[in-house]
Every structure is written in C-alpha cells, then in structure tokens.
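After this come two complexes, each holding chain A, first together with chain B and then together with chain C.
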Partner chain A sequence: MSVLKVFICTCRGGITLPKDLDFGEDVKVRVIEDIFFDKAQEEIESFVGKEKIVIAGPSPRIMEGFFSDPNIAFVNIWEQASMVGHGPEKIRDLIHGAVEGLRNTAPVEKKVFEIKNKDALVIGGGVAGLEAARHIANAGFKVYLIEKKPFLGGVVAGLDRLYPEGTPNSHVLYPLINEVVRNKGVDILTNTEVEEVDGSLGDYRVKIKTHGRIPKGLMLKKCEEVCPVTVNDHGIKRKAIYYMPTYPYSHGIDFDSCTRCGECVKVCEDISLEEEEKEIEVGAIVVATGLKEYDASKIIEYGYGRYPNVLTQWEFERRFSNGLIKPKSVSIIHCAGSRDKNHLPYCSRVCCILGLKEAKLVKDTSPDTEVYINYIDMRSYGPFEEFYNTIREIYGVKFIQGRPSEILQDGEELVVRAEDILLGKQMDNRVEYVVLMTGFVPDDELFHKLGLPADGCFPTEYVNSQHSVDANPRGIFIAGAAAFPKGVAESMIDAGDAAQGVIDVLDRYAVEKKTPTARINSSICGEIDCRICLTACPYGAVYLKDEEVTVNEELCMGCGICTATCAAGANQLDGCTNNGMLAQIAATTKEGDVVAFLCKWSSYSAADKAGYELLRYPENVKIIRIPCTGRVDAQMILKAFSSGAKGVLIAGCPPDGCHYFTGNLKARKRVIALKKLIEQFGINPEALAIEWIGKDESKKFVEIVNRLNGGGR
Partner chain B sequence: MNLQEEILSNIDGRTLNYCFSCGMCTGGCPSARVTDSIYNPRKILHRAALEGRLEEDIWLCTNCYTCQERCPTKTKVADLISLMRRIYVKEKGIPGFIKPLIENLGACGFTARIGDLENKRRERMGLPSVKQNQEVRRIIEKTGGGL
Partner chain C sequence: MSQRSSWKSSTGLTEEVGEMPEKKLRLAICRGATCSGCDIAVLDIHERLLSVLEKADIVFAPTIMDAKYEDLEAMEDNSIDVGLYHGSVRLSENEHMAELMRKKCRLLIAFGACACFGGIFGLANVSDREEIFREVYKKTASTENPDFVTPEEVYRDKKGHELTLPRFYDDVYALDDKVDVDYYVPLCPPVADQIMTALNAIISGDLPPKGAVIALEKTLCSECPRKKSERRKIDKIHRPHEVELDPDTCFLDQGLICMGPATRAGCGGICLTANVPCRGCNGPTKEAFDQGGNMLGLISTIFGICEEDLTEADVEKIFKQIKDPLGTFYRFTLPKSMLRRVRKGDSR
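Take a look at the complex of A and B:
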C-alpha cells in the first residue's frame, strides 16, 4: 500500500481547485466531476482495500455512507471551504494535510471475525432467557439454555403475580416454558453454571458444570420426606429437594443447600448427585442473569433482619400469596436503598409500580387490611398513571409522602417514623407489617468471567454502546433485567432484541470490525508500565491481561481517549495515530492560521452547517476532524502552535453529551492544564480554547473562530 | 445579606442544593418530635433555598447529627443549620434566649452551669471536679460573644 490515490470532486465545477495539485511522486491525483455518479464511485471502490485513498469532496458525514474503510481519509472541501467562500489555497492545504497524514500512517488491516460456531448460549432461564432462547431456536440455531437454579422461570416463577397489574404469572410463564421445551433446538440444562469462558466473537469455548440430575417427569414426594435439609426460601420452609410447577416437570435439588448426604438416592436410584463438567462451543452468548434484591439489612435504621415483620417485597409477596401471613395493616416503603447515596445512588425504576402492585395484591385478597404507602416521588410514567389512580381512588390505599427515617418495634406493632411532608409533621405510623421495596442490583457473579465491565452496578455503558450502530460487532448480548431493572414485558421485548443481535451474528460467515481500535505496542508499554490508560477508557475495553495492558477489540469504540493519555506513544488509535495526526497538522497549518480540532459527532457538523447557511468566517481557519475531543493530546496542540498557528480551538459535544461519556470532560481538564504550560512558552493562553459546540450551533462556531482569529498570540 | 449566596460560598453549604425534600431528616429528628414539628429541618433547608429567609427555629437543633447521618442525598443538614446559626449571629447578634447559655459557658465552659452540687455528684462517680474556667470567658469576650 505504498501508492496514495487522491480523488478530488469538483462538485460539477462548483469548487475551484488549486492549479498546483502535485503532492509528491507517489501520489496520483484524479479529478472527478461528481462523486455521486455511480461510475465515479465504482472507480474509487476498485482501489479500496488495495491503496491508501484520500477523497476530497463533500463532508465525510455524507461520504461515509458510500465508503467505509480504515485506509480512506476524507477532506471536506465543500461545506468547510468552497461553500463558505474560501479559496483554492486553503483547499490545497487541506488535501496536503490529509495526504501527509495518511502517508505517515501504517496501513490498517481490516479485521474480520470468523463465525466458526453456529450455536448460541443463553445464560439464565428467567423470562428474558426463555424468550431469547425461543427466538434464536426459531431462527434455526441450536441453543444451550442454562440455569443455575433447579427450575426455570427466574424471579417470575417465585412470585404469584406479574408486574404491573397483577396478572397471575402462569399467563406468561407456562406457555413460554412449553414453547421452549417443545422446540427441539433448545438444550435446557438446569442446575448448571458457567465455569469458564474463553475465546471471542464467533468462537467461544465455555466450560459448564451441572451439579446433578433428576430424570424428567418424576414426582419424588418420598425423597422430599427423607431429605434432612430444611431451607428457608424467602420465608417459606421447604426441603433441599422440592417441587415447583415450572420445568423440569419433576422435583429438583437446590444444590446451594444440599449436603449430598444421599438419602434421596436411597429412595430413588435414578437421581444423580454427580457433578458433570463439559465444554460447549458457541458463536454468541446472551446474558440474561437478571437482578436480585439489594441486601436490606444494610439499611440499619429500617431494622430488616432485627424485626421479624419487616420484610422485603419478594418475601412479603411469597408469604402473603401462600397464606402464611394475614396482616391487619401494612406499610409499604418505597426507595429502600434506592435513590440513596449511602446505598444505591440510582432509581431502581420498577419499584414504584411494584409497590402499587403489592398494595393491589393485599387489597384484592383482604379488603379490610389497612395499606399505607410511604414514597418520595411516585414515578408512574406513561400508562402507569392510570394504575396509580386506580389504587388511590378505588382501593383506598393511603399515600404518605415522606421517606421514613426509622422503623422501631413497639410490642407487637412496628412504628414507622416519618415526616408527612404534605402536613409538615413528624408522624408515627403503627402497623403490623412493613414491606421494604428494596432497590435492585444485578446478579453479576458472571460479569467478570465474561469480560463485561462491572463494579456492582448495572453495565449501563456496555448496554448503551451495544445499541450504538458504530459499535464493533459483539458476541455477548445482555438481555432483560441484567442490563437495568425492567418489568416482565420490557424484559421480554429486550430479549427479542438481544436474540436479533445473536441471529444477525450467527447468520453470517464472518463479521467485519467497524470502528478503528486502539493498539498497544507492548514493548514500549512494558518498559514504562504507567497503566494510566486503564482508567481512561470509558468502556473498560483497556484491561490487564497477564499483567500486560491489552485492548478488548469488541468493547473498544475508537474514541482515542486512551491514546491521548499515553505519553510514551505506546497506545495508538488506528487511523488516528500520533505520527499521522502530527504530520497532518504540520502540513495543514500555515503561519497565522487558526487550527480547529472538531469532534466528528457534533462540532464538525456545526461547521458543516455553517457551510449550508453560507455563513462567513476567515479563510485561515483550518478544520481537523477527530473522533472525540478526548483524543486531542498536548503534542497535537503544541504541534499546531509550532507550525505557526496563532490560535487553536478544540470543540466537542456539550457537557454530559459526549458520545464516549466523558471524553469532552477529560479534554477540558487537559486543555486547562496546558494553558498554564503554554504561557511559559510565551504563547498567550487565550489563543487556546476549548468549547462545547453542539451540532446546530454553527453561529457559535463562527463567533469563536472569529474571536480566536482576532486574538493572536 | 443574601442568605443563599452566603450559604453557597461555604463548602458544606453547597450541599444545600443536593436536597430533594424527602423528609428523612425531619422524620428522625428528636427536636421535631418534642416540638410537634415546629422545628423541621427539611422546611428550614427548603426555606433557605427558595426564600432565603432565616428564622429563629434554627436554634432548636440539638446537633445530634441523625439527619446528616441518614440523609440519602448526603446533604450536610446539621452542618447547614450550624452555618445558618453563624450567619444569624453575624447579622442579628446572639438572640436573647441563647444568652443564658453563653453566660454559663463563660462561667464554667459548659452550656449547663456546673456548681457545687454537680461537682459533689461527680466526686461520687469518680470524676474530676470542674473548676471555674476563665479562658472560655476571655475567648467569648474577644470574639464579641454579646455579653
């Protein structure tokens, strides 16, 4: 790839090209009339992947719709030059910059992931896992559905009523389980856990461990009788071998509490307590591990664990539906642990409506029970408002606005001490039972085995970036409430979405990598070993593998924030390397220019918009497109100044609006620190600016470059 | 005086904006309990944030810090009330009903006067007796303690 091809579109004569189009001996220049012609595109396409190509013409926002290859550099000579009335000299500088940048960049190989295994693994047999397995199997792929508990059904199977209106769960669960069981493509393995995951997209090897087996269709009441282990399952007493009306259609053994004494095997020889390990090969994985309740005993002032009548939502519902408790009065406490910086800083999203569901359950079954709800804000968005109204108007549940401060026991009664905000008074509410609507946390034991970034929170960044079309193809999909708390219907919709992603991957022979990724030169990195880039990555894609800094190519989104933090130059972003960027800056910049590094997600579009709007700004403003302001490092800024720039602008997305979450904030910190440094070099710190310019703020862009142009250093 | 500006210029004071009025502070407040919620820390914070008004109820806080301990938004409730007291004194001086406490403080270094009776009781408990403390008096005089 030593030859460089430059295609320049004149937009049917709309752009006046410079006379001198000689960029060196190895550069072949071809001027085309209109790049939107099929023939012109076919001609360019014939060189893609073989040579390094520079395409000068309309904005890359448009051109990326036609060409996607890491070895193509785009130059915007239409919106950001011709349309704003800038002359051929600037056009030459811009093309020259791109040529030099590309010349100094090693060719990037297009990475392809081969999909070797056509099977899928679904982890978790709750509604989300079942629904995902059903969709994938229906599309004709073999699915391993594994569940760590003895029965399918997850959270829903343990409860009587569905979120939110309280439909009995059998309406959804039984048909769903039967659909999955009927499908010959699904291999259901209960009592099974993931031991180890190895490999990458299209080629995962997963070690799974099955704790024991009971043949299908056996009612083992006698085994249950002889079992010596009694378990308290959310307040319901059962044996370690027990029955649940889901799948498998037989008794199951809870191996968390089973002591493997072998009493049941004496009764029924078909039971196997042997652990079995096996390795399966799959192409994609769905993680549907769901959520669990936050440990309510950590909220000391609510007395969970000290007072027997303080229960969590699931405990209460299970005991109440099974007729074990008949409360005279209940106080339902919302946000127990949620929206609390001492516990879970986030809103668990479903508990407001879950609380209303519990209230309805109590009132439906025993209308004379007094039900109080303590809440901060009732988040009954969308159609749930009607449900909230029903609970208030028809069921007569009493709502107290105010987060309880403490719960005390007084004889048989519990005292809920809270301020009634609307009355402005501290009140003691005496009730028989207290139900804590605890916040939810992910059941995240597996996350680190799968290489998912997790620190006890829901993997929001992973999920958000997964839904971004510019993300690299991935083999691990999160479905249902493992991503964040969801209701039953939402979880199932989400599972369909994850299944679609799996089918999309498995259906192909190979998938191409979309985003450029960062690469680590381990010989340089090993010497310095500063590990700063580990904390810079917003996706957890930069990680330590055998004490060596490594980039997970599936997770990397190509922002270059880590590249900018590497002072040694060991970390390089494909297509945006230090050498390439510095060469481009040096070739583009002339004495007295203003160099603008614009983030491709927002500010670059604002500059394009200035073009459509025919705004005017000085010709010496040279724009360099970057993936994120977080990529701009001190070297690049200083290079611009040393090449003669009198002003440098770094502009990106508004605060909290960064495509890569925090790139713009990191860039801001870096620039503020650099301002102090350049003052020592005799450069006016006012000549360096970092600004938020949103995609529509073309006027702001023009104002800022005018200011920088006037300032001078 | 602008109360909001004064509060927000203080590092603890800045947590005033964290409050989302959930009422957990008032719910567990012992002063609110005995005053039938005339003393209501949630209201005091809300009033300061919206109206910028100081009232005498801030002097009912016992500084037990239960509110601050439990606050889910990590608003420094008790520190904010203390801050408002300082602003109050700066603006209006020490209120009349606090003066007896200051007198005690000047006399013995405690807000409750410790005389012979208390010292005898301390002796029985094996505690050292408390003597008249002139240092605190001097501090109060120097800082314009309003005596």
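Take a look at the complex of A and C:
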C-alpha cells in the first residue's frame, strides 16, 4: 500500500478546488463530479483494500455509509469548508493533512475472525441459560449447556412463585426444561464447571470439569438416608445427596458440601464420585451465570446471623412455602444494603416487586398474618404500579416509608426501629419475623476466566457495548441476570437476544472486525510494565495475558483512550496512530490557525450542522476528526501549538454522554493539566479549550471557535 | 533508524572492517555546554578503560589530556573513527566544535542527556539571552555592575586590538539540532555498562542502524522490580521529602511522580534501587515524541480515576499539587520537546 489515491468530489461544481493539487509524487489525484454516482463509487471501490485512499467530499458521516475501510481517510470539504464559505486554500490544507496523516499511518489489515467451531457453549442452567440453549439449538447448532449445581433451574428452581401474580415457577420452568431436554442438539452437563477458556471468537477451547456422576433416572432415597452430610440450603435442611424436581430426573450430589465419604456408593455402585475433565471446542459462548444475594450478615445493624428470625428473602420464601414457619407477623425490609454507599451503591431493580410478591404470598396463604413493608420509595415501574396498589389497598399490607436504623431482639420478638417519614415519628415495630430484601451481586467467579471486565460489579459496560452497533464482533454474550438483576420474563427476553447474537456468529464462515483496535507494541511494552492503560480502558479490553499487556480485540471499541494514556508510544490505535495524527496536524496547521479536534460522535456533527445552516466562522478554523476526545493526547495538542496554531479546541460529547463512557472526562483532566503546562511555556492557557458540544449545538461551536480565534495567545 | 543497516553501509567503511582489530581505533571526546560529568563517566568504567585503550587511542579529549582546538582542526577530515560529544549546544563555540567533530569523525555519538536532548542545560530555554544576562550580570545580590557590562562577542580597545568571545545563543540545542548524529548514548551521565556496550559495538564493528539509541527499547518500568497495583490511581501527589517511601511499591502508587513509564530502560534502574523516582534522563522511547507532555497526560489520566465526576475546579485544585510541571516533566528534554522553548514576549 505505497500509493496514495486521492478522490476529490466537487459536489457537481459546488466546491471550488485549489489550482495546486500536487501532494507529492506518490499521490494520485482524481477529481470526480459527484461521489453519489454509482460509477464514481465503483471506481473508488476498486481500489479499496489495495491502496490507501483519501476521499474529499461530503462529511464522513455520509461517506461511511458507502465506504468502510480503515485505510480510507475522509476529508470534509463540503459541510466544513465550502458550505461555510471557506476557500480553496483551506481545502488544500485539509486534503494535505489527510494525505500526510495517511502516509505516516501503517496500513490497517482487515482482521477477520474465522468461525471454525459451529458449536455453542451456554454456561448456567437457569431460565436464561435454558432459554438461550433452546433458541440456539432450535436454529440447528449443537449446544453444550453446563450447570455447576447438580440440577438445572438456577435461582427460579429454588423458589416457589413468580411475580406479580404469584404464578408457581413450575409454569415457566418445567416446559422450558422439557423442551431443552427433548432437543437432541443440547448436551446437558450438570455438576460441571468451566476450568479454563482459551482462544477467541469462533475458536474457543474450553476445559470443563464434571464432578461425579449419577446415572439418569435413579431415585436414590436410600443413599439420601445414609448420607452423613446435612446442608442448610437457603433455609431448608437437606442432605448432600438430594432430589430436586427439575433435571436430571434422578438424585444429585452437591459437591460443594459432599465430603466424598462414599456412603452413598456403598448403597448404589453406579454412583461415581470421580472428577472428569474434558475439552470442548466452541465458536461462541453465552454466559448466563445469574446472580446471588448480597451477603446480609454484612449489614450488621440488621442482625442477620445473630437473630434466628431475621431471614433473607429466599430463606423466608422457601421456609414459608414449605410450611416450616407460620408467622404471626412479618416485616419485609426493602433496600436492605441497597442504595447504600457502605454496601451496594446501586438499586437492584427487581427487589421492590419481589418484596411485594413475598407480601402477597404470605397474605394469600395466611390472611391473618400481619405484614409490614419498610421501604425507601417503591420502584414499581410499568405494570407493577397496579400490583403495588393491589397489595396496599386490597391485601392490607402496612407500608412504612423509612429505612430501619436497626433491628433488635426483645424476648421472642424482633423490634424494627425506623422513622416513618410520612408520619414523621419514630416507630418500634414488633414482629415475629423479619425478611431482608437484599440487593443482588453477580455470580462472577467465571468473569475473570472469560476476560469479562467486572470488579465485583455487574458487567454493565460490557453489556452496553454488546448492544452497540459499532462494537467489534464478539463470541461471548451475557444473558439474563448475570448482566444486571432481572425478573424471569426479562431474563428470558435477554437470553433470546444473546442467542440471536450467537446464531448470527455461528451462521457465518467468518466475521470481520468493524472498529480498528488498539495494539500493543511488545518491543516497547514489556512483560512488566506500567499498566496504566489497563486502568484507562473503559471496557476492560486492555488486560494482562500471562503478565503481558494485551488488547482483547473483541472488547476494544477503538476509542483510543488507552493510546492517549501511554507515555511510551507502545499503545497505538490502528489507523489513528501517533505518527499519523502528528503528521496530519503538522500538515493541516498554518500559522495563526485554530485547530479543533472534534469527536466524531457529537461535536463533529455540530460542525457539519453549522454547514447545513450556512453559518459563518473564520476560515482559519481547521477541524480534525477524532474517535473520542479521550484519544487526544498531549503530543497532539502541543504539536498543534508548535505548528503555529493560536488556539486549540478539543470538543466532545456532554459530560455523561461520552460514547465510550469517560473518554471526555479523561480528556478534560488532561487538558486542565496541559493548560498549566502551556502557561509555563508562555502560551495563554485560554488558547486551549475543552468544551462539550452536542450534535445540535452548531451555534455553540461557532461561538467557541470565534472566541478562540479572537483571543489566542 | 527505520531500516537496519550494517556497519559498512552506515559508516562508509567498507573493506577495512575486517582489519579493524589490527588498526587501533582513534577516539575523540569533545565537550559542549557540559558539567563534565560525562567525562567522569568515561573514567568510571575503571579498569575496563585499560582494555579499551588496548583497542583504541584517545586522540583528543580536552578534559583528561592536554589538547587545543587547533590540534583537532589540524587533523584530517574523517581521520577519527569515533567522536563522543557531550554537553548541549549553548554557545557558538559549542556549535563550532560540533561541526568540527562532525567533519573529523566518521561516527559522531551524542553522549549523555545534554547532547541527546539538551539536558539540564536545556531548561535554560525557559529564558533567553537577554533575561539570563540581566539576571547574572545585574540582578544577582552579589553583582555590582552599574553600567550593565555584559559579554560582547567582539571587543576592540583603543589601539585596535580585537578580543572575541563566543556568542551566547538565546536557545540551548541538542547536538543533532546542529549536526548529523550517528548514535545516541543518553543518561545523565551514561552508566559504565552502557558505555561499554557502545564501545564494544564500535570495536567489534557490530553496529546498530544509524540513529540508534544505545539503550533498551522498553520503558524503565520493565526494569523496575517494584510492585504495581492492579488498578492504578493517584489521589495526591507527594514530593519525595514529604513521605516515607516504601522501597517495594511503585512510586506512582505512592503518589510520587516517577518518569519511568515515559522513559527508556537501559540505565539498570539505579535510581529506583536507591529509592529515588526516575527523573527521565534516558529520554523517551522511540515511538514517543514529547516525554514531558506524555508523562503529564499519563498522570492526569490516573489522577482521581475513580472520581470522573469531579468538577473543573476540583481538577484544577488537584493539578496544583504538581509544582512546576515544566521543570518536572521536561527536566532533561526541553529543547527536544514539541514546543522547544518558552515563548517570550507573548501574552504574559
């Protein structure tokens, strides 16, 4: 790719081109009248992938709809030059900048992920996992469905009812399990865990370990009787070998508590306690590992673990439904540890409705039981408001608005101490049982093995970027409550969505990388290095692989925040490298210019809009398009000044609206630090500005560049 | 630097290579604006100097042996195999010597941080000739100079005698701002092992491509045994005297500015082992073009990383903790930075 091709569209004579279109011997310039003509596009297309191409014409917002190749540089000479009344000299500078930028940028290879394995792995046998497996298998792909517990069904299997109506869980679970079991394309492995995951999209090698085996269809009540291990399973006592009416249709062994004493094997020789390891090869993975309750004993003031009648929601539901307790009065504490800086800062979304469900369950079964609900505020979105009203008005549940400050034991009774903020008075509510509606945390043991970013939190950012159209194709999909607390219906919808993603990948021979990614130059960044870029990446895409800083190409969104952070130039964003950007800046900038680095998601569009509105701003404003303000590093800003710029603008999305979460805020920190530095260099700090310019704020853009043009050093 | 070229093609020495060992190398050491630490650094190779002297003759080295500039001028062009130039270019005299060395030496090495990047002397680019003269010849407390007599380039007395002094430039330059340089040996001053690596390469003829820096490609962090935290962040910047330093933990994690991530490896991390953060004298890596700006950018990324929602005023307050960013981040590389020097007569 040594030859550079420049195509310049005159937009049917609407753009006056400079007379001098010589950009060097190796640059071939072709002027075309209208780039929207099929013929013109076909001509350009014939060079795509073979040569480096500069296309000067309308905004890249439009051009990217026709051409998508990382080796094409777009120059906006329509909206950002001709339409705002800027002349041929500026057009030449802009094209020259793009040419020099591209000349100094290593060609980006189009990366293709070959889909070698057509099988899928679904991790987690709860409703989300089952639903995902069902969809994928129905589409004709083989699915390994693995579950670390002895039985399928996940959280739902252990509970009694579904909200809001209180439908028994069996309505959803049993037909779902049966459909999955019936599908010969699904290989169900219970008591099985993922040991190690290697490879990438289309070609994963997964080591799985199965703990022991019981032949299908064996009811082993005798084994259960001889088992010496008794376990408290969320409020219900059972043996380490037990039966659950889901799948498999036999007894199962809970290997978390099994001591491998062998008593059950003495009764039934067909039981195996041996661990079995095997490697499977799959093309895509669904992570449906669900959630777990926040550890209630951490909320010391509520006495969980000290007072026997303070129970978690699951313990209470299981014990109540199984008739183990018959409470005279119950207090249900919402937001136990949730929305609390000391515990879970977030709202787990579903627990308000779960609390109402528990209240209804109690009242349905035992109408005389007094039920109180302590809540901060009721988050009963959508149809659940009606449910809330029903519980309050018809069921006679008493609602106390106020988070309890403590729970005390007084003789047989529990005292729930809280201020009812509606009545404005302190209340000591005496009840027999307290149910703590704790929030949820992810069951995230696996996330690390899979390279999923999560710091003990739900992988929200991964999930968000998973739904982003510009994300690179990936082979790992999160489904259901593993992504964030969800109800059963939502989990199943989400699972269908993840399954669709898997099918979309497996259905193809290969998938192309969409967005250029960051790359680590291992000759500069060694095994032990500063690792700052790991912290900078908003996606956890930069990670340590065998102690070496590596970029996960499936996770990388191409924002360049890590590239701008690297002080050694070891981290380079493909197609937007230091060398390329610096060359472009130097070639574009003339003495006295204002250089505007505009984020392609918002500010660049605002500048385009200024063109559509025929606004006017000074001709010396030169715009350089960047993926995110977070990509702009100190070198680029200093280069603009050293090339003669009298003002430099970095503009991006509004503070919380960055496409890459925090790129703009990191850029702001950098710019504020740099202002102090350039002041020492004798440059007026006001000549450097960082601004948030949303896509509609064309007038703000014009105002700001006018200010920078007038002020300056 | 981009293409690997052999000793032969890079120096123009062709057939002689094989005969090198028999013919003793001719070596010159020349000083620019320097503290002479680099001269001492050469002597710091201790007894290894003897083995060097077996292979090479030092033909010109004003600091360690008697020599006049005329001696160098009298030598034939390209008659010296290797010239080490240390110090930056501050005076016309330095430039003259740099040009002379270039002419007389087949290989010219920028020796030490000053020759490579301008070095500590380069910090004088925050000022200019006029300001420096006013400070030194007038404003300092111990100076009595009512007529503000300053060094002049040419002085003629009444009898017509002429005395000249070198011109004091406004700027401090690195060696390659003035003449073509073959290799770079940075550090302040170069360490013995690095000097031996350079000398051995020259003696053996196994030379890296022109423009190479005789150091490692990686960053200093790769040589640093200190423990780094998984998620990097800095809440407060400390200066070394303010805190008791843990010798096993990364300086950045302790809130100290350590230039390691922005600096080449190759010095052996001697400061780090002495519990002193890196100050960056080995210069930037080959893909980084502004050591100071880059380091500032890096620090600002991890500064208060968990609190992205800080207000602008908060962030400004945080950065006030870095005293003198220019002096801290460009301690050795100001003349080689993007902006090169502080602009005078501007808005301030």
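Assume the second predicted complex is superposed on the first by the 711 of 713 C-alpha atoms of A that agree within 3 Å, B and C clash if a C-alpha of one lies under 4 Å from a C-alpha of the other, contacts with A are read in each partner's own complex, and residues count from 1 in each chain.
Convention: a residue touches a chain if its C-beta (ideal position, glycine included) is under 8 Å from a C-beta of that chain, and two chains touch if they have at least 3 such contacts.
The model shown is predicted, which means the values in this text are computed figures rather than measured ones.
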item	value
Which superposed partner A:256 touches (first chain B, second chain C, both, neither)	neither
First (chain B), second (chain C), both or neither touched by A:364	neither
More chain A residues in contact - chain B or chain C	C
Which of chain B and chain C A:507 touches, first, second, both or neither	neither
Which of chain B and chain C A:64 touches, first, second, both or neither	neither
Touched partner set for A:20, first chain B, second chain C, both or neither	neither
Which superposed partner A:33 touches (first chain B, second chain C, both, neither)	neither
First, second, both or neither for A:425, with chain B first and chain C second	first
Which superposed partner A:680 touches (first chain B, second chain C, both, neither)	second
Touch list for chain C against partner chain A, complex	126, 217-219, 221-222, 224, 228, 230-233, 252, 260-262, 284-305, 308-309, 312, 315-316, 319, 322, 324-326, 329, 337-344, 346-348
Chain A - residues contacting chain B, complex	301, 335, 339-343, 376, 401-406, 417-421, 424-426
List of chain B residues in touch with chain A within their complex	20-29, 32-33, 36-37, 40, 42-43, 66, 70, 72-74
Residue numbers on chain A that touch chain C, as the complex places them	455, 521, 523-532, 534-536, 561, 564-570, 572, 578-579, 582, 633-635, 637-639, 641-642, 655, 662, 665-666, 668-670, 672-674, 676-678, 680-684, 713
